[in-house]
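Structure first, commentary second.
As written, the chain order gives the labels A, B, C and D, with residue 1 at the start of each chain.
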Amino acid sequence: MLPLLSLILVSLAVGTVATFFAGTRARYVALAVSAVFLAEVGLLFLSYPGWPGYNGALVPGFAESESYPWIHLSWMQINYTVGVDGISLVFILLTAVLQLATVVYSWTEDRRPAAYFGLVLLTCFGCFGVFVALDVLLFFLFWEAVLVPMFFLIGFWGGPRRRYAALKFFVYTHVASIVMLVGLLALVFYSGASSFDFSAIYASARTLAAVPQTFLFVALFFGFGVKFPIVPFHTWLPDAHVEAPTGASVLLAGLLLKLGGYGLIRWAVEVLPSGFHNAQPLLYAVAFLSIIWGSVLSLSQRDLKRLVAYSSINHMGIVLLAIALDSSLGLLAAVFLMFAHGVVSGLMFMVSGSVHHTFGTRDIPNVGGITPTTPALSTMIMVGSLASLGLPALIGFPAEFSAFLATWNALGYWVFIPLGILVVTAAFYLWMMQRVLFGPARGIPGDARDVPWYEGAGMGILVAFTVLFGVLPGLLVNVIASSPVKGFPGT
Amino acid sequence: MDLQSFAGPFVPEIVLLAATLLVFLLDVVRVRDNEIVGAVALGSVVLALLLVLADLGFAPLAVLATVPSSSIDASVTGAPLYSFTSLGLVFQGLFLLAALLVCLASLSRPKDERGAPIFYGLLLLATLGMVLVAIASDLIFLLLAIELVSVPTYLLVAYSRRDARALEAAMKFYIIGALSTTLSFFGASLLYGAYGTTNLHALATAEAAAGTAGYPVLVLLGYGFLIAGLAFKATLVPFHAWAVDVYDGAPTDVTAFLAGGSKKVGLFAFFLVFLAPILFVRTMASGSPFVTGSVAVGPVLQITLAFLAVVTMTLGNVLALLQKEMKRMLAYSSISQAGYMLIGIAVGTAPALAGATLQILAHVLMKTGAFLVVGAVAALGVGPLIDDYKGLGQKRPLLGVAFGLMLLSLAGVPLTVGFVSKFVLFSAAVQAKGYFVWLAVAGLLNSALSVFYYARVLKVLFFDVAEPRALATGAVVGGSEPEILPVGGLGYGRAAAIALVAVVVVVLGVYPQPVLGAIQNAAQHFVNLGG
Amino acid sequence: MTDLSVVGFLGLSSALLAVGIFGVLTRRNFILLLISIEIAMNAAILNFVYFAGFLGGTSGLTGQAIAVVLIGFAATEVAVGLGIVLALNRAKGTINVAQATELRL
Amino acid sequence: MVVSFVVVGLAGTRMKRLEWGGWVAVAFSAAALLVGLLIGVGEMLSPGSYTDRQYTWLHLPPAPGAFPHGVSLVVGTLVDPISALMLIVVTVVGFLVMLYSIEYMHRDQGLPRYYSELSLFLAAMSGLVISDNLLEFFIFWELVGLCSYFLIGFYYERPAVASAAKEAFLVTRVGDVMFLLGVFVYFYYYATSGPAGGWAANGFVFTRGTAPFLAGSMGGSSPLLTVAGIMILGGAAGKSAQFPLHVWLPDAMVGPTTVSALIHAATMVAAGVYLLAVTSLFLGFTAVDQLAIVAVGGFTAFFAATMAVVHPDIKRVIAYSTISQLGYMVMAVGAGFAMVGLFHLFTHAFFKALLFLAAGSVIHALGTQDLFKMGGLRKPMRLTAACFAIGGLALAGIPPFAGFWSKDDVLSSVYSQLGAHPAYWPFFLLAFATVFLTGYYIFRAWFLAFSGETVRDPTLPHPHEPPWVMTVPMVVLSALAVASGLLIFVPSFQSLLLVGAGATGIPPTFSTTDLLLSSASVALAAAGILVAWSLWGNGRVVPTEIGFAESVRRLLLNRYYFKAGYDWIGAKGVYTVARAADFFDQFVIDGTIHGFERIFGSLSDRLRRIQSGFVSDYAAYIVAGLITVFVLLLLVAPYVVSRIGGG
């Protein structure tokens, strides 16, 4: 069988390097790489046994898995092990889609385009690696490989306070990833796993006593949680988003936050059931806090990007809640929500960027009534906002519906918190739309034109997916559902 | 003539000694050409390295093996001064690697008024001392071997007699070094007084045998003096202050040798001196007013060393953050790296020793390479400040990339050897469980901190725009004659050394298995022997 | 180690060490520093000699041998130190270590 | 079948750029009308449920707990008598409004947007009506809300319009959230009931017309079900503008009058009542729920009517009347007579659409909505005046107009339940009193607009009758406003109202109580009309700036300060909290970190100074280090080891 995953990794790596050295033609190379990547991901889907139809049968283990010895010492067995299951497939698709959309959207980036596109590709390469890696070292390697390009993207192409933002981003996420690494190492050594492979850890860690499991889980939760980000370790996010260039914001919100969720599911929830169980109250508390905090803070934001950033905190809080429910339904909802949020927040950051490019400001009170000037952009803003506040027929609805159904099933009336917060979410999006899209024109420069084709195309890709999976969520959900949810006794 | 039957197991040492003598002889006969003398030195170092590798069992070199495989890792009986352990041989290889890199780069040295033989002679002498350290199994032998490293390096720092900065550095180096030597010997005398032996293994055995009837205060004081004395060489905080000034003031190639080579001597000395008591001495009469009953010297040493490790890496990093000069920043980074390496002995398990050894190997490569680059860049007329490096990566992309790789490796970025070594080291600390997990956390947090100053240099290298005055390609500033060296002003030797480092840093970062496997086996044997 | 003479002797050698270190800390003249270090070194040598006598036998011989080696080594070290003194004096015109603080911070 | 309705929407959307887009939309809505009528007639001829499952939208895996067989979410269609009834309402009113728009809107910009949104609005409403499960219902429900958001905000350049659209969406959103929670509770509670695999695995499909779940084997009135019922009521209250979520509807008048007509008659607000009816017929409400529903309906009917009494804006008067009438419908459903509520919805749709179109005609002619600027329109706009009068009579409940029959049914059905609980009494009385108010306010509006000699504000243009595309719908609706009530005497129409064993359709009975009740309500309505005539007839205008009456009037005009209160909660309360949270984020959380940073910075600067360059200092550090090592070795480490046992 074709080593498809390694092939994708190699092609992405080669493409990334080529982009770095492609000079002014970098964007063409990047586009080609992204298109090839998307095609390869398509192949991956086609060859995945759980797709397209969910026939009730679970696909056990990991598909497309490859394993080669890497570092073998008497006390440390590290392999190059990769593989996908339904959960990672969804994230891989998200990676491919966002990469393509970002490359297209940033088409005319003229400040060191080679480095810019190279770093964008590198980020996506790292994310892809994180989603396929099934070995602690490999996982951590890719995890870090995401951090560095993002640091440079923010620090070099960012806004006026970019240095501060990049530093803050780096400190927070790096400290978290250190805690994560120690947690993962402790997971290996305390459980006595025979190797650093996921399967070995999975086999041995579940037999650990509840107390060490709890310690390990909390450490891992912190490590992954900062990426989520969980309140009160979230303040890096708004700053990073606001200062980052649009492309980086898209990847940051669309992919980097998902790394935390994916990592938590794969490396903590699935392998440490007792620890997870003991830590559930903590997760609930953090999730509810994040949901409320993110939403309430969104209300008070003037900067469009900051608003979207805080709403991300809110949405990721719902994801955390869904994970914390300890049910396969909740997990499915969490994964689906993350995909939805990836696409929608990507779209929202793109429109924020376009608003900035077109009107020279993202300050909500300073720009308004833009609809007659820029109908296409307004439509995109509307689609993004509506999807974000969970309107049916767009991707946010089925995802949130599943999450809330699962929450109700597990927690009962507690679901009223996230449900009630939906009203606040709707409030800040509607208020934003009222001020920016409608009303009399304010702060519109005379030369304002509707978005250029490439920005429109970039957003269009995401809109297409927003609608596609909003109308036909089964296409995606069946893939997730086909994976045996390993950590839960109910299945 | 059969070398082996003539020299016994000491062939690498003999080769180095012979080369040293030959080099000084060349001075006498007034052959002072840098290339010729350098080639002799380089050749001897390469030959010694090959011999060591052969002794380690590197198959393609089997014909060169000088140490009978039966004597490697053989148990230590009686009270010999030396023993061939595979970890010792590994360290011989590391020391020779550092010497090799410096010799290689020095082939591109500008001519100087004193001629090459003195330089290479001292270098070889110090290398000989390092190689002897690696096989020491007697405390006094070890300390004298360290002195054989120290004394030539004092002179190497002071070698260009007119440079006031270098002489100031030599003065500090000498005073602090001599003081530390004194402390070491004083500590050794106390240990000798307690058990009547200076063999490291015998000392630990005697301590263990004495148990609660031993001399805890005397022994602990002895170890205390030894820690202080050896910490000078290993640049542990607060015994580090000399290192920054000396690294800064010394000629850059000498700095490369000091940071990359001789400093590791101190760390290996820690391995040799402290592993045995850590492994063996688990119980002893209390020497502490706080604790009644018996107390174990091994864990006490571990905690002390762990404390020193954390302090060293933290302060090294914090101070590196504030530096504006490239060499001083690298000096502090070198100090903090010593803290990581000390984790290995503080944890005291075979995996940890292996991790620390790999970290030392990585550091030999990265730090030697980095200082060689700094020397090369200085030769191109770039100033000593980090800001003077602006735009280097754009004007000299290959040099910039090589330097960048070394910095990334120092920062522990994946796919470089610096990452693998830290990963193995910290994994080992976690694997040892208990409070060592916190050592790993401290180490990792520190490596996070360290990223800042490396990233700043990277930013300066690649993102900042060069100032117009810098980078007159090939012009040797301050040299007696404007001499344009090949390879863009670097010279073949230096370029080769830098390239070698860059390549190895990446290769070992991607696939460390062969080297790491060998180190792991060596460390395991070392622990099995009991140090 | 209840032998009072041992304690007393260690007290003597420790005092010698302390004097040497005190000298290193307070003197500014490079030559005086060298002398201070030698005094401290002699404390260690004295220890070896005393312990050699105290232990007796083969172990005692070892200590005496070490003492002899150390005396030689100390001489070598001082020679190197004096070389540096000379060079420093030539370069800076002074051997006051307090005036050699160009490398700092 | 659902396809045809989706096509209306999509096709309408496609026609964006074309001049004749309006006519295309009209054509499609005519087609929809045809289909709707066919379905209606079909149901009349052979009543029954016809389901047509088409697509499993989402299948969620089994979850331990409530969903052992997984959860199927499907999209399908269900045609049964009540959906047929609703379909007729939606398609008839939709078609007429569409037709009317051709003239009414022809001067406006952005017509393609208007027609596509209008088409989508109708499509979504039709989809809602024929959904075969609660989730699908919810999806279309949200789409209806979205379309109303767009249509209310049609003149989005005006700040008030943008604000009203937002308000409508947001307030109904509160209801939506409650609805969703209600759905969850039902899904959870009944997940395993029903045929093989349970309700959850079968897609939560309705089986209306048989006994409701509640009355069946699952039975009982658990607190959970009560909560579910209240939540559904909340959802319906949001959409149908019931107290306390009524605030959005009057503000929504800023949209085009056609949109108001559609929202008030057939689409948006009808959805809430329809939801209650469907829930009542399929799942059933507990007794507590019923009381709550009756209370909300009865109170809202009166509450809204009082506000209509003083309002000077013709459209707002009609808007308050809608809220009031919706209160009746809700009340009927709550009393257990879902079909009565729907019958009132049916008749109300026609006369309310008629009132709006007639009002629209006036506005079209004069360009103002202020009643006090109008007057004397009876002469130049004879047809409009007649239509408005017919609508008014129907609204007031004067026989034989449609409103009489349905409102009478509502009152008598609630009356029949008065024995169930004494708490029904006050709400019944409120509803009864509302009859008087209704007669008064609608004829106050009529007299103000149409009686008298001339238009009061001379600056307004000269009024004239609108062209045929506007009058034809009015005439048709007038006919329906007269006739639709009488349909109750047609047996085949009755069959539409007689669904389900648990539900009671009300063919008119002529018992003594019934006749007494009817007479009383007619008398009340007539009294209201008379009072209106005496105060406002013949162009009279009553001065209102007097003492107590003035303060009452101000209270009513300010809608009991509900809107102001909500705005205050939103703007001052929540927003202040949000600002405070933002402050906390920026200054407390980040401030802590920056504080550490600063401490760290100054510390490291001091540390730097230890590198003095003076070699004696370095020696001193070594001595200090030596002492530290001794302390560690002799004091600290042994102590630590004795505590942690040697690591």
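By definition in this document, a contact is a pair of C-beta atoms (placed from the backbone, for glycine too) under 8 Å apart; a residue touches a chain by one contact, two chains touch by 3 or more.
This structure is a prediction, so every number in the text was calculated from the model and none was measured.
K.L.:
Among the chains in this structure, which pair is joined by the largest number of C-beta pairs in contact?
P.N.:
Chain pair with the maximum contact count: A-D.
K.L.:
Can you identify the chain nearest the overall CA centroid, using each chain's own CA centroid?
P.N.:
A
K.L.:
What whole-Å value do you get for the distance between chain B and chain D if each is reduced to the mean of its CA atoms?
P.N.:
78
K.L.:
Indicate the whole-number Å distance between the mean C-alpha point of chain C and the mean C-alpha point of chain D.
P.N.:
Each chain's C-alpha centroid was found; their separation is 96 Å.
K.L.:
What whole-number Å value describes the gap between the mean CA coordinates of chain A and chain D?
P.N.:
36
K.L.:
Roughly how far is chain B from chain C, centre to centre by C-alpha average, rounded to an integer in Å?
P.N.:
26
K.L.:
What parts of chain C, by residue number, touch at least two of the other chains?
P.N.:
Each of 21, 24, 97, 100-104 in chain C touches at least two other chains.
K.L.:
Counting only residues that touch at least 2 other chains, which ones in chain D make the list?
P.N.:
608, 611, 613, 615, 619
K.L.:
Residues of chain A that touch two or more other chains: which are they?
P.N.:
None at all.
K.L.:
Please list, in label order, each pair of chains that touches.
P.N.:
Applying the touch criterion to every chain pair yields A-B, A-D, B-C, B-D, C-D.
K.L.:
Which part of chain B faces chain A closely enough to touch in the complex?
P.N.:
Chain B reaches chain A through residues 350-351, 354, 413-415, 419-420, 423-424, 426-428, 430-431, 433, 437, 440-441, 444-445, 447-448, 451-452, 455, 459, 463, 511-513, 516-517, 520, 524.
K.L.:
Can you name the residues of chain B that touch chain C in the complex?
P.N.:
140, 144, 147, 151, 154-155, 158, 161-165, 167-172, 174-175, 178-179, 181-183, 185-186, 188-190, 192-193, 196-198, 215, 218, 244-245, 248-249
K.L.:
Flag every residue of chain A that touches chain D in the complex, lowest number first.
P.N.:
54, 232, 235, 238, 293, 296-301, 327-330, 332, 369, 371-372, 386, 391-393, 397-398, 401-402, 404-406, 408-410, 415-416, 419-420, 422-424, 426-427, 430-431, 433-435, 437-441, 472-474, 477-478, 481, 485, 488-491
K.L.:
Over in the complex, which chain C residues touch chain D? Could you list them?
P.N.:
21, 24-28, 97-98, 100-105
K.L.:
Which stretch or stretches of chain A touch chain B in the complex?
P.N.:
69-76, 137, 140-141, 144-145, 148, 151, 155-156, 167, 170-171, 174-175, 178-179, 181-182, 185-186, 188-190
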